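When the chains are written out, they are named A, B, C and D in that same order, and each has its own residue count from 1.
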């Protein structure tokens, strides 16, 4: 087990390096940071000097080495655009994204799982079919359209919920949370729904497929044959067995949620990492983009590792053996 | 003979599923419309001289102020929406289809080999998959776009836009195929027919391609249809984030992105008609995917 | 107690409807064990499911009566039927591996089941459960009950399944192939238990199986089914000991006897005279082709010395050391040229592993292999072009998975010819393939079909044909018939016997069924926990095995002993 | 002392001012925002006129040697420190340093001399009549505060204290800053001028997505937003309680050509020549474009056709050249035929897609109009982040550009767009348009004190540009602000949003 984790950690370092390298390649391709950093009247000489000072004229690998070197020492560098330290910037945006992602995931689970179970148990029922089609339509409309629609419906027409931002937040140490105020929660509803819709559909369909599969297995048939109450068969026996594969997929989805939050955050002006990232693309804030990527990769690596460990812990069949 | 059997099964299953029938009709109609767009569409939205700004923002015919020349109205450039949508669907399907095909080949190839050889090769492929997963599609698109700009001559860029998007979408989809293929190979590999082939000393490539691949194709095809739908959506999202296709060669996604500007302005048709098309297309493809899954799942037969 | 009268069950499906069970009547009394035998697809499970009210959605009871004492089972509402399940009728499924919820402790499953039918406290239910487990022979039930299913062995798991079926004191238990997945030792224990429960508690059983030996050993009455109809019914000794119907006779003839070696099994003829003649001439061609390949006419000798195989074990817990598992421990074995070596042993004793070592599918940790005096390289060093790749062929246990479902039989069978360059011309290859099909008793058109269009026995023939088409010297058969029912098993065994004697193949024949092995082998070797227990000539072994383990094995094998077999 | 009914005021824009340092970035969002906190020696009134601020008066030194500013006494910074000449000199040195992004304002300045505590001389190398107006955005920091906090120089690679903190003399002081999320201002009670606003607090939120911003306004969460999309004006106006203030910005949108390109770069067939080198072709382009229709359909009648590189009404605008070539497709075709391109040609049109209002749609409309006279533009629309780079690398045949004269004077576009490009001048003249006469005239225009003489020279330049069709000016960009009915603001053509004129009823 320890060996497995160590091996995976070593591999993870390579993953991060690869991502860092890709991230860093962005330096070259996204656009010209200098013309984004300076005003129209800045002379060419001044621009050149700035370029030199920022080390943008150094050979690619020198820049890359410097970037990784600094990063390994915990120095994430400074934003081109605002000159703020990037570590601090990302850290201040992290809670927003994590809270949004988590709530979206939770919504997708508490709605998606029961809906999946329901539609699995009555596969041909009218309600099931309606749910299935409705969610399909929901995910067929691009997220950005859905988000704006929700904003106009609930924010403008009905005036029930805020249209942008995080609302009231409470600082717990450096963690800025919107989970402790009513305002915060009201602000969270729409973006979380928008972000969660895709996951919800996915979870529902996954649970449904898995559940239908499990309901056909021998141990369920045996439970039926010995007269175990239906409720227990469905929710204790079938659902718990359904959840093993579902959990692992959900683990991976969490990474997807964070990546997907870019769109949602931009629609709801949600001050998370995704929004920061989009802005840094717009302004060619290369260091911020790169660090963002590495941080996201780090999340992925951790989540993947946890999921694999979880799987390994839950399902003994996966403990691969080979002859020596 | 298997083909014939499959056919009859398919037909049988099909006839029992009204959703699949409707989906198939919708999908076929849209695909045909897209395929024959140049013959069906009243105008060519790529031909700049065929439309005029004077006709801009006309509503569909059934609305007040509609113009019979423009069945579904015009956009802010005076382009016929109906033609744009047909051509847009054509482009969307082409991109999504190509992306899917690339992802399928890449993903299945790597997944097969990873599952078959296991060990270090498997680890490397799976870690590459991790890297890929860590890069959201928009980043991949940016990266590819940037790299292609960097290494290819400038005047090819426009033609390359399409390729860039396609490759970016393909890259963000292949992992799915690779993971699924790999998991299936793990199962399949230990089955006796593969063991028999190994024992006989058959070439690994032949074992993978001729023996294992046909047996794991079912779930892969299901993913392929579902991913076809996500690819279409992904393209739309990339457009929204500004790394999509140029507005003068619109895909459905680009049309929706442009239409977003008119969400409130009263010119609803610019947004909602392409969106409706997209929804119908994506839902239809997904339903067909579900249907395929039923078809391939022996326990449901 | 249970009365089934004129039961007919139909399945609706896309091609129309099939009648799975037709006009079947049977009665089960208290404490009676009623055996239900018949080949696969005869409708045995369907009868069980109909009684339980658990027919799949596509199935329906077309006519007939089902009565449990005074209760009309067909008149029950779904809720009433569900309440009845477990309470009065229970069911045991074939596979103990999959019959238990892997995520719940045995305790939880038992308590839940008891409480579902009786209004008693969890503590009382627990007490009952422990008593029950002890009664069915699980030692230290008090502590073991808290384990999860995977922490039990197969036999214990099957007992837990039985405990679950029993815990609500049902009057009737339907046991659908309860021992098929178990090895002889465990099977003997479970059958014992069933007999005891019937006698001591008066529980009625319907025992479904295709193993005639099992029926013979425990059941009071027996019903023989074929194609959904009752062929013969009556007290077990009468039906099995003096069958009246030709089908029952054929079935009995197909049961391999443990006490003697038959030349061939007698089977009902299928083909007509003419066809037979045509097939014979085709088969002759294949035969000539096979003969033309080998020089001496006898297969090579196989010598294994000191073969050891270790599997990398799991780590114990999070930090614990890894415990490697020794699957084979210094096994030395010689197979004489042109003879059959039978390899027996309980499940997990390492039989398949040994076969795979020879076939280069598993790497031995140490040991030498010689094929006809020349060293036979182990897996890692055996190149794809090594001559032994062709010479050593294997027939796998499961004919359902050993043939690639996506290839036509022609493709499957041409593969060795092409691969080893035995026949370069495609037309000749095809001709040869069809001839070989004739040799293994299949029509030449079989070449154009896909594997799933054949029965298990036919598929096993195809697998044999594939092995033969590489002109092997050494044939390894790993449980080639254990997935098949008796009549089909008999066909395959006949085929193998014929081929072996005709072509003088050296054969390693693996089975856990001693009766089957006796029919096949010249020599015998017994494995236990990876070590060789006993080896020697076959007939003396069956007459008087030396090792105690061998004796036990022999004793536990169920046999049909109802006097002289009907002619 | 505030007028009655004090209010907290929420307003939104598309971009966050990325720094609170007035010398670090010369960009409109930053300067506009910081003008509420910091002040310069002079400031601009609602009509853009230059008026006294921290300087009460200024006079030209004899012989055009520079300008003398008399400073306001009794002014204090937000932290209570007193303002005097040392702060001006310190701020000058800071703003003119290499690390500063606004140093180009001080290119003409040779030295700044402290005369006494409240008098400062800015010496210039040559006479510079426009100098006071050109430093309206030069903001003064407290020298002790800056040095005391280690912010002597504008932040270059890492941040410094002035990046997130501010200490000015202006009408508002910084009360909270959460970069990219919100910035909170409160009125400066000790401000030297009389406050016209009635705010108790003003909170700025950047909202990048226009639809979201509009929703925030319509739901009442914010009081003011700028800009909103043109197509939504009607929607806002039609709702009770909201209004739109639309005016013209000082930005002219124009098309530029590759004057120094030998051949077309993005043509499918014309690869051996550059038709745009012929003034007739350029004129044909100008005539082929129906600016009125673009204005109607794409700009919703909010823009104003333009004839020159700067909009009407700014100083130096040439009344003599107020006409833009009339839309006449037939004439355009004739001109093309005359120039030897009766069948037209194809070329590449570069275009940003997130810089100006509806920029991409305009380019596509232009392409469609040009197609109707037979020349086919391949539009390449891209985000602005890579756009300037492409233009600098000469990757275009024709391009779209918007120009807003920072000094609100005709000299500015001449200096940047019309002068032959070199290290310091013509830096945004990507097409390399070159006219010896214009090059010759720039310096006299910069130095001429006499209004009439100066205008004559500017007129001459405008004439040359028009005759040569160096650029094709299209229209002046509109300025659309939307707010609640209860909000009163002053819309200045430079698009600066000044809180000191905001009242909420």
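For this structure, a couple of remarks:
Here is the rule we go by: a residue touches a chain if its C-beta (ideal position, glycine included) is under 8 Å from a C-beta of that chain, and two chains touch if they have at least 3 such contacts.
Remember, predicted model here, so these are calculated numbers, not experimental data.
Number of steps on the shortest path from chain A to chain C, with steps defined by chain touch: 1.
We define each chain's centre as the mean of its Cα atoms; on that basis chain B and chain D are separated by 44 Å. Chain D has its Cα centroid 39 Å from the Cα centroid of chain A. Distance between chain centres (mean CA atoms), chain C to chain D: 86 Å.
Centre-to-centre separation between chain A and chain B, using Cα means, comes to 23 Å. Shown for chain C are the residues that touch two or more other chains, of which there are none.
Counting only residues that touch two or more partner chains, chain D has 211, 354, 383. Shown for chain A are the residues that touch two or more other chains, namely 30, 148, 152, 266, 278, 281.
Pairwise chain contacts present here: A-B, A-C, A-D, B-C, B-D [touch as defined].
Contact residues of chain A toward chain B in the complex are 7, 11-12, 14-15, 18-19, 22, 25-26, 28-30, 129, 133, 136-137, 139-145, 148, 152, 209, 213, 216, 252, 255-256, 259-260, 262-263, 266, 278, 281, 293, 296-297, 299-301, 304, 320. Those residues of chain B whose C-beta lies close enough to touch chain A in the complex are 19, 118, 123, 127-128, 130-131, 133-136, 138-139, 142-143, 145-147, 149-150, 229, 233, 236-237, 240-241, 253, 256, 260, 263-264, 271, 275, 278-279, 281-283, 286-287, 293, 299. The part of chain A that touches chain D in the complex is made up of residues 30-32, 35-46, 49-50, 53-54, 78, 81-85, 89, 92, 148, 151-152, 155-156, 159, 162-165, 266-269, 271, 275-276, 278-279, 281-284. Chain contact summary for the complex, chain B toward chain D: residues 47-49, 51-54, 56-57, 76-78, 154-155, 157-158, 242, 246-248, 260-267. Contact residues on chain A toward chain C in their complex (touch as defined above): 1-2, 217-219, 221-230, 232, 236-237, 240-241, 244, 316, 319, 321-324.
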